[in-house]
Structure formats: structure tokens, C-alpha cells
Amino acid sequence: MARLLFFGRLGDLAGAVERSIGLSQAHSVADLIGVLGQSDRLLASALGEDRIRYAINGTIVDSGALVEDDDELAFLPPVSGG
Amino acid sequence: MARLLFFGRLGDLAGAVERSIGLSQAHSVADLIGVLGQSDRLLASALGEDRIRYAINGTIVDSGALVEDDDELAFLPPVSGG
Amino acid sequence: MRADIRIATQAFDPESELAAFRIALSGAGAVVSFTGLVRPASDAGAVSTLGLQHYPGVTEHAIAETLADAGERWALEAALVIHRVGDLTAHEPIVLVAAASRHRRAAFEAADFLMDYLKSRALFWKSETSAQGKLWVEPRAADYADAARWGVR
Amino acid sequence: MRADIRIATQAFDPESELAAFRIALSGAGAVVSFTGLVRPASDAGAVSTLGLQHYPGVTEHAIAETLADAGERWALEAALVIHRVGDLTAHEPIVLVAAASRHRRAAFEAADFLMDYLKSRALFWKSETSAQGKLWVEPRAADYADAARWGVR
């Protein structure tokens, strides 16, 4: 199972901060967003926005990077700390 | 009596932070330094240095300002706080 | 450089933390601190709750890298970052940053730099809940401009 | 703006003062503090005692004017200056400056401005006593340059 993490408003859209998805083979981040879009087009549209960054196992990647089973993929909207 | 205040290293030179001097008439700051120089040339020389500022009753003045009996004349070397 | 990072899940006392930070110093002459507090009102009106979320492990790691970067830019004896997560109410401390150095300019600049990082690049997400509902906050243009002063990505 | 000034003739606890300062705030989101400590060594070597002298009444009055000036330059809810006088030993707090504002830039700049003033223009005289004897300290060129950033006389 791959872990998907949705931060900020993406968690509200996804209905949870965390979701698991079984991957029989590696998918690119863009492909995974497409898969999610089959059941939730609004979420997929938000995940694909330009200003959303992606991290696999804590490292920032682009949307072509491959996610394997057991990976953690995080969707990171614009941050706001302090 | 006029009060003379010597701050910083001027107090070490004068031997005390404070000294009183009776003034029968008003004197300029420069004149008073001259009077002090009759008994202590080293002190008068330090008091007359360019970077020493003068304050009468808490207000910065130049060396031509008049000091009267009951006034407080402060000699202020370069400051260093914080 | 001594570097302390903590993500606080409960309320913390910034002045106690700052006292411990100061007392452990050996040679510094200057300590600059920044304390961020939940403001009782934002541009959207009265705020009842501020929610702060982070990416556990990853957020801390990125802050540690930024502290190390600060340690290369300025001669610091120590630096500290404490950042709250969870639900906060008005006046609660959100963040404490402290920087200690021999001279004051380094301490001021390092604290300023760390706050600019925390406001615009650190992995935190902030929501404000008011009578108008829940609103996710994004950095202001001024926050990005502040961060750009340091030539960081 | 709330403005507090104190010349402390005895040791003071900067973090207790800062806590009281913070707790009295009503709308500020940002508190910046500077704490100055006696360094155990100066350029002249180990310092056994730091002596600080002020001009009672006149020093406080000039600090009050500078706080008012800061209040005109930045939107501050409150500002605080506590400055020690007398004989101090290594690690003792010399000065605490705090500034509170809605936004962090004003708080940082006001604290920085007040420290530049205290270092280069406020009526304090500092001596360091070391094995080499007693030395009266004068501002470094950097202190005058720092103060000149604000366009003050």
C-alpha cells in the first residue's frame, strides 16, 4: 500500500489527511492523480494545480516521479507558518 | 552653588562624579572650564575636547552657553550603552 | 552552533523557553527573540480557532537545514525554533525563534531570517475558523518579498 | 502606544519582564525582544566587572523621546526598555528591549532601531575592568553606522 497525505485545504477536500492505495505497479504522480480523479474529480483538479508541490518519502519531486507500493506521497499546498 | 557633573572617564579625572562651585555671576561653559583649569589642567583639557558635549539642566548646549548659580552643568563624553 | 527545534503539540511558555536558552549560553552578548501570538482578529474578522498542521519528521528536517544555513550565514552561538501545531485560541503563542551571538546585528538578522523562512517556506498549514467558517491561510505577498531579501529559493 | 522605561539599579530577570509585557498585549501578533548580556571576555581580554553609569532623569527622558519616535515610525502596540546601571559581572543582563506590533516587520525594525539608539546615543557610559585595569568603552564605528541607517541625528 502507498500512503497518500493531503495537507491544508487538500485534506478537507479528500475528507482525511491520509489515505492508502494499493499499487500493483509504479505510477507517476500525474497518473495517480488521474486514478483519484475517477472517483473524485474535484480533488484531482485541486491536486493537479500548479502551486501544489509533491513529495515522495519527504523529498520534493515533480509530477513525473514514480510512486511505488510502500511509498509515501504527500500533496503540499502553499504553506503558511509562524 | 552650581552643580558640575562629570560622566564616564571625566569622573575618574575629576576624582568625583559631582562637584559644586559658587558662581557670583554667570559664566560661559568655556569660561568655567578655564576656571577649573587653574587647579587641574589635565581635567580642563579633557573637558574642552571636541567630542565632549555639555548640558545645562539636562539640555544640550554649546560652550558659549551661560551657567548661573543653581544651574546643573553636565560634561558628557561619548556614550556607550546597551 | 547549538540548534534546538521543537514542534509543540500543546501550549508552551515562550519566556520559560527563552530563559533556558539564555542560561545555557557561554559567550554570547546578544539574544534576539521573536514570539508570534494568535491575533484575536484577522482580516476576515474575529477568529475563534487557529489550526496549525505540519508534516511530521519532514517539517523538522527542513527547519534543521534552515538553522544550519543560518549558522553558516551568521556567527551564532545558538538558535532555537519552537512551533505550535494543533488548535490554538487568541493570544496563544504560535512560534518562538531565538538567536544568540556575540554581537547584536548577527542575532537580529538570524532571527529575522528564520521567521521569514517559517512564514513563507516551512511546511506548516494554517487555518482560521471564524463566524464565516474555516479559511486556509496562504502567505501574504509581503511574506514572499521578505523571504526574497535573503536570496533563498 | 504603551511605553515602559526602567533604569534598573539591581539585577533584573529579562524573561519575567518579557512575560509581563506579552501578557498585557491585546491585539499584537508579533513580539521581538533583544537581551544584552555581559560577555565574559572583550577585545581587551577577560572582563571582571562592567560598570554602567547614567544621567538620572535626563537619560530616561531621552529614552522616552526615542520610544515616542519609534511609535511614530512603526505601528506599535507597546514597547519596553529596561537598562541596568551599576556594577555587573559576566552573563548578567544589561538591557532588554521589546517591541510588539500586529505584524512582525514593524516589531523587528522597532527593536533594532531602539537598540541602535541605546548603543550609540543614549546617555550611558560603560567601563570594563579587566586585568589590564579600567577602560571606558566608546561606541564602535559599526554602532554609529547602524544608527545612521534610521536617518537620526
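A, B, C and D are the chain letters, set down in written order, and residue numbers restart from 1 in every chain.
Here is the rule we use: contacts are C-beta pairs under 8 Å (C-beta built on N, C-alpha and C of every residue); 3 or more make two chains touch, one makes a residue touch a chain.
From a predicted model like this one, the values you see are computed outputs, not experimental measurements.
Peer 1: Hide chain C: connected chain groups?
Peer 2: A | B, D
Peer 1: Trace the shortest chain of touching neighbours from chain B to chain C and give its length in steps.
Peer 2: Contact-graph shortest path, chain B to chain C, evaluates to 2.
Peer 1: Quick check: how many Å separate the C-alpha centres of chain C and chain D?
Peer 2: The computed centroid separation for chain C versus chain D comes out at 23 Å.
Peer 1: Nearest whole angstrom, what separates the Cα centre of chain A from the Cα centre of chain B?
Peer 2: Roughly 75 Å, centre to centre.
Peer 1: Distance-wise, how many Å sit between the C-alpha centres of chain A and chain D, to the nearest whole number?
Peer 2: Computed value for the inter-centroid distance: 50 Å.
Peer 1: Using mean CA coordinates as chain centres, what's the gap between chain A and chain C in Å?
Peer 2: Centres of chain A and chain C (C-alpha means) sit 27 Å apart.
Peer 1: Using the touch definition from the top, which residues of chain A touch two or more other chains?
Peer 2: Where chain A meets two or more other chains at a single residue, that happens at 82.
Peer 1: What parts of chain C, by residue number, touch at least two of the other chains?
Peer 2: Residue numbers touching two or more other chains: 36, 104, 115, 119.
Peer 1: Chain pairs that touch, all of them, please.
Peer 2: A-C, B-D, C-D
Peer 1: Going by the contact rule at the top, pick out the chain A residues touching chain C in the complex.
Peer 2: Spelled out, the residues of chain A in touch with chain C are 5, 7-9, 11-12, 17, 55, 58, 74, 76-82.
Peer 1: Flag every residue of chain D that touches chain B in the complex, lowest number first.
Peer 2: Residues 36, 52-53, 55, 57-58, 61, 83, 94-95, 115, 118-127, 134, 136-139 of chain D touch chain B in their complex.
Peer 1: Please output the residues of chain C touching chain D within their complex, sorted ascending.
Peer 2: 13-16, 18-19, 22, 25-41, 91, 102, 104-105, 107-108, 111-112, 115, 119, 142, 146
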